[in-house]
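Below are two complexes that have chain A in common, paired first with chain B and then with chain C.
On to the complex of A and B.
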């Protein structure tokens, strides 16, 4: 199963929500990233068939999603907004929405129980939603999305308002669903949360896809942007002098008090190959070495800049 | 425990080809309306029914001993008894429509719930029909149900079958009149619920839409076609046609039908424009 968007565009009058967006989303967890107003929610609504594209198409296994109620049975969607029948209990809320998929009473009740167990809401299942905390409401939202066991799960900012334990459990659950072969699309503006769930991202800004694929591959492709490497070592001055001899090293900043230097290189692979030689020849001890640029945040801030 | 280990993918049952999603929506709406104390209006709305039933009963008893005060006789023997009952119940119909219907769509809109509904196999028709059923169900409890019970009380306390043989069509008149009123009122209240930003304004719009033309119609009663602009006047006229009694207004049935179609069209337009599968982000 896969989701394909082809030259997908959506306008709100004069405002462009999504612009000529082409991408393919396969099984596993995919993080949908982008700054505010990038078009994430619009894209989600297009993917869930809630919105008709102005141009282009969204297809799931070759079938158009818009107004395709048969396909809607394979999609579980948890919107960002707290949209609830607050007079209902969490259990009756999930049961009602599960029934909408066409399950019998017994099957819907069984699935409701499972979904509640999956999000660990057994204690609050009989309480009215109006009395729920933000974290509980989030979990109930996720439960209604997974109750019908959809092949595609689309979660808009699912971790908002969750406590750290709930957050960790939900991240694990999302990862497990991805491993089980489902297509899970998670939108978030908190980058490290996405990083904990997946390496596969779609980065959008101003309605366009800026990058799509594995985060590390994306970083490698950004060769025009110097990679930062932070090294803590025994002899900062010598290492700084040696590194400055190479053309690909753009800059070196050092801090003697911390025994630390920050190097910017445009050829990361070559740089990493040279380091062992330099260290051995000059009798330098490396305490630690890492790149702050190889995380999602660095890629994100670079691409949307 | 990971979800895939909980046999999530092992169900081999059949999904209903066309799930009755409207029923789920209606049930939720019914519960919501009930939580707003609708029972009080239903109880108060049943007082005219109790009074009517007592009148019918007393009539049969008085008839037995041969005493028949002229006023009582007029009230219960008049063929317009059921028609008048339904006409008088329109006040409760309006109240029930406001309490049950004014918040039905505006709440979903305010909570941005459309995403929940329309990402499931729920169509616009399912959604509106579910909401309609909720208002109509309660409205029928204060109109059609008591009127039908009164009719059968009258049939059972009659000493012979002459009443039923003569007025059997009242069953259809009662059903037709109450269903028409309910459909029109429910449609309007849902339409205003869709275009409003909160329950209060939805109720005010609905009330104004019914009351203002009614005031104008009464003020300019010498102008016969003014009744065409009043929903309550149109329903009174329809009620008279259905019970085969003299219509209270001079305009024709086809003008009345056209006006009612316009009202229904307006309600549909309000719903179609505002009940979108998604919220438009500015």
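On to the complex of A and C.
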């Protein structure tokens, strides 16, 4: 079983959601990684047949997805939107959606029970969804996606709003499904979340695939990204002079009035190792040190450049 | 399919829209009650309650309540799921999209028919009781016939407005224009323009005005003049209404199959 996109593009009027995207997704967990607005949700909607490609195609085992309801027997989908029939209990919500796969009452009830157990929601199963916490609602969304035991599971930002324990359990569940040979696609804008689930990622920005494949290769790309570090210290002049001696330091900007300097380095790890030695030898006090661009958006904008 | 119909009915029952529709449906009953209570004070001449029922049914139900409630329900057949962002769940199940629309329409029709019939029964009962105890049984045929026309009207208006819901950004505005602008005025214009309304065909299958006791009144004669009752037979009217319903059901089903829902 595989999902293939071929020269897939989707635009809404003048806005380009997905741009000429070609990729193949096979069994196992694949992380769809990108900053907010990168086109992850658009891609997911194309993969789930909620949107029709403007150009190109999305195929599952060679069959077009758009308007092909038979394929949906094999797809479980948890949308990003916090959307439910809120008058229902968690259990009746999952049961109703499971029945729509064509299962009998008994079979759907059995599968609902299993899905609820898998997301550890036994306690809240009889309560109205309206009374659930965000984390519980996320788990119910995942449960409805897995209840029919589909071969393909597509989860859009499934860890949003989950507490650390729920997050850990969900990550484990996703990993287990991948190991069981299912195609699991998980979108997130948080790198370390995806790293915990899989080695295989598709890095997407502005609707284009920036990088695809093993996360370690992409890590290498990310590691060459010049990192900005802002330091507030007792002696800006001396620290600036010392840092300028190193080749990996691309630039240093300083502001004496604020006792602050901004350093750009291409070897962040080495840079951080050197700092203690420099400050001790030169009797400099560091008041604060942080990186303003240690986030995914900065990495993405670097990769785009 | 049965399960989905039950699900959609249960969903609709928990929707505020249905509560509003149920409240609106009480308008004719409230009007009737007020009329009965205030009649001795406001009117010197004797007005037969038996004559009042067809008029109330025609004016308050066929011309006002039926299209209005069908508009509120029909235009939101898919719109509610879009608003609540639950449409994505329905569209990613192994169920043909046309089936989703058809079952939703069926559920909507059942709900609307029940609401309107309860309202109609209340109005009928009040008038019959005011007329005298036995009138409730003796005029039951009239109630059943008018009820059937209203249920038939719901089956036509609902998919008609569901199509409007798929085509227009503001289907309620477009629908209100159709009901009170187009149908409300064209029906009084002599000529064939009234053939492009739904209410005209409903009139043709409705127990005709001439059969009621007040058929010789000036008002009845005027209405008879501007809305001639003999231009098409009830059977032809039924066939036309069935045709409109079928085309609208097919169109609204097709719309969901070809349309994308970006925001869901």
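The rule is simple: the second predicted complex is superposed on the first by the 218 of 305 C-alpha atoms of A that agree within 3 Å, B and C clash if a C-alpha of one lies under 4 Å from a C-alpha of the other, contacts with A are read in each partner's own complex, and residues count from 1 in each chain.
FYI, a contact is a pair of C-beta atoms (placed from the backbone, for glycine too) under 8 Å apart; a residue touches a chain by one contact, two chains touch by 3 or more.
Keep in mind it's a predicted model, so treat the numbers as computed, not measured.
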item	value
Partners on chain A (chain B, chain C) - clash or fit	clash
Touching partner for A:161 - first (chain B), second (chain C), both, neither	neither
Partner chain(s) touched by A:56 [first = chain B, second = chain C, both, neither]	neither
Contacts of A:117 with chain B and chain C, given as first, second, both or neither	first
Which superposed partner A:85 touches (first chain B, second chain C, both, neither)	both
Touching partner for A:35 - first (chain B), second (chain C), both, neither	neither
Contact breadth on chain A, by residue count: chain C or chain B	B
Touched partner set for A:97, first chain B, second chain C, both or neither	both
Touched partner set for A:48, first chain B, second chain C, both or neither	both
Where chain A meets both chain C and chain B, residue numbers	12, 48-51, 69-70, 72-73, 75, 77, 79, 81-85, 87, 96-97, 99-102, 144
Complex interface listing, chain C residues touching chain A	3-4, 7, 10-11, 14, 84-86, 88-97, 257-258, 260-262, 264
Residue numbers on chain A that touch chain B, as the complex places them	12, 15, 17, 41-42, 45, 48-51, 69-70, 72-73, 75, 77, 79, 81-85, 87-88, 96-97, 99-104, 107, 114, 117-118, 144, 146, 149, 172-173, 176-177, 179-181
Chain B residues touching chain A - in the complex, by the definition given at the top	1-4, 6, 8-9, 11, 13, 15-19, 21, 24, 27-28, 31-32, 35, 108, 111-123, 277-278, 280-282
Contact set on chain A toward chain C in their complex	12, 48-52, 67, 69-73, 75, 77, 79, 81-85, 87, 96-97, 99-102, 144
